[in-house]
Amino acid sequence: MSTSSAGSGGADRAAQLLVDVSGLQSAVERFVRARDWDQFHSPKNLVMALTGEAGELSEIFQWLTEEASHAVARDPATARAVRDELADVLIYLVRLAAVLDVDLDEAVATKLRANAQRYPVEQVRGSARKQRER
Amino acid sequence: MSTSSAGSGGADRAAQLLVDVSGLQSAVERFVRARDWDQFHSPKNLVMALTGEAGELSEIFQWLTEEASHAVARDPATARAVRDELADVLIYLVRLAAVLDVDLDEAVATKLRANAQRYPVEQVRGSARKQRER
Amino acid sequence: MSTSSAGSGGADRAAQLLVDVSGLQSAVERFVRARDWDQFHSPKNLVMALTGEAGELSEIFQWLTEEASHAVARDPATARAVRDELADVLIYLVRLAAVLDVDLDEAVATKLRANAQRYPVEQVRGSARKQRER
Amino acid sequence: MSTSSAGSGGADRAAQLLVDVSGLQSAVERFVRARDWDQFHSPKNLVMALTGEAGELSEIFQWLTEEASHAVARDPATARAVRDELADVLIYLVRLAAVLDVDLDEAVATKLRANAQRYPVEQVRGSARKQRER
């Protein structure tokens, strides 16, 4: 890093991060504190909440063919529902990571490295079976 | 930030985002392309994969009391398992958003605004019931 | 039915039931008691366990096309895995019903009647959309 | 079977079964056929539907303490919601088994035997950890 980059360390760091969820983490914390909902946000409860939201996402897609699932955003109401459920999953995931003091950027970096070792390109290329047999 | 920060607009933007998952999104796309796995990543399939990972998270916490769930990171092996599952959920969520062309930052911003309206502080403070009755 | 059927009331009742899970319920109760696992079987925990098993089922099917999902039993190992996961979901479901004192036969009978009213044949015939919009 | 048991064969068989879901299976099949919904009931889709219903069950319990989860039936509206979700999970499970031609009674019998071997009473008595480490 050149000396001229003094003060822009944030930009450099952000550029290197896989994910930066700090803004959402703070916003959710303020939201929860204002409502005194910390008491309900045990990791166990948040896992259930995340599971529930994943289930709602599932319900949107359950009767769609794979092909139709690609076009789910064409209907504006469904598109909004999908965005809302993705947001709900992400909000609970970020909240869960905060409560458990898990650094999501470190977690995904570690997982991607492990996945790269587990699924060598030459062995799994084009094979769903290999992907499934984890 | 000094006026000499021209070119560090990324930092400014990052500072305003609730989430920035662009690094992970690119990394996952490279990973998937190299293995020719795009063909399996229909939105429908990715929703199932996300649900499966949420289920694995659930299994870690299912027999723990809420109190014990707070201390789940004390056992190093369990802590690693939790980080891995959180990473898996996030990886599939980010992949799903990419495939559906959903901007997760916009999605969570919209959802947080809706939640703030839905759960006015003065009406829901300290009440799990209100939170549940969504 | 003739009057000579006295004593075969069990058969009559079984014939009219939609589901009879009493044998499994007793077997699971013996299994749990012998291991002193009642203490872990709160409804909340059992819901998480059921969710976890549903997630494992999801993982088996996530990369399969719908067409391939019909043929999942052709591979003996996968067929065994599917049967095991279906069994796990059913075991936790029956245990949950027992702990909550829910009569599953009454529950499904009530639900089927409600579904019949909710989805009149003439209005929903052949339409996944109607089925989805519950 | 001796001739003296004529007419009570159903009772004998029922007495030996762990689960008998044949009534529900037939009722659901009629329901589905009448609506021409077979086309949507691929195993893959049914797994997603089951997962979605498990998620709804999760949402009912997510903010409850374990203790409160035992008393969930005290509030009539919540009790009805719980029964409905249990029914939905069971209906999709039975439908999935039918479509996959899985005998649920055989599946749970096999699984219970495997569980008995996997968790010997003397080794796991009173331990959630052993139960978790499957």
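Odds and ends about this structure:
By letter and in written order, the chains are A, B, C and D; residue numbering begins at 1 in each of them.
We take it that contacts are C-beta pairs under 8 Å (C-beta built on N, C-alpha and C of every residue); 3 or more make two chains touch, one makes a residue touch a chain.
Worth saying up front: this structure is predicted, and the values here are computed from it rather than measured.
Ranking A-C and C-D by contacting C-beta pairs places C-D first.
Distance from the subunit C centre to the subunit D centre is 2 Å, each centre being the mean of its Cα atoms.
Once the centre of each chain is set as its mean CA position, subunit A and subunit C turn out to be 31 Å apart. For subunit A, residues touching at least two other chains, in rising order: 40, 44-45, 47-48, 51, 54-55, 58-66, 128, 131. In terms of inter-chain touching, the protein chains here all touch one another pairwise.
If you check the complex, the residues on subunit A that touch subunit C are 44, 47-48, 51, 59-60, 62-66, 128, 131-132. Residues of subunit D that touch subunit A in their complex: 40, 45, 48-49, 51-56, 58-59, 61-63.
The touching residues of subunit D, when paired with subunit C in their complex, are 7-11, 14-21, 23-24, 27-28, 31, 34-37, 39-40, 42-45, 47-48, 50-51, 54-55, 57-58, 60-61, 64-67, 69-70, 72-73, 82-84, 86-91, 93-94, 96-97, 99-102, 104, 106-108, 110-112, 114-116, 119, 121, 124-126, 128, 131.
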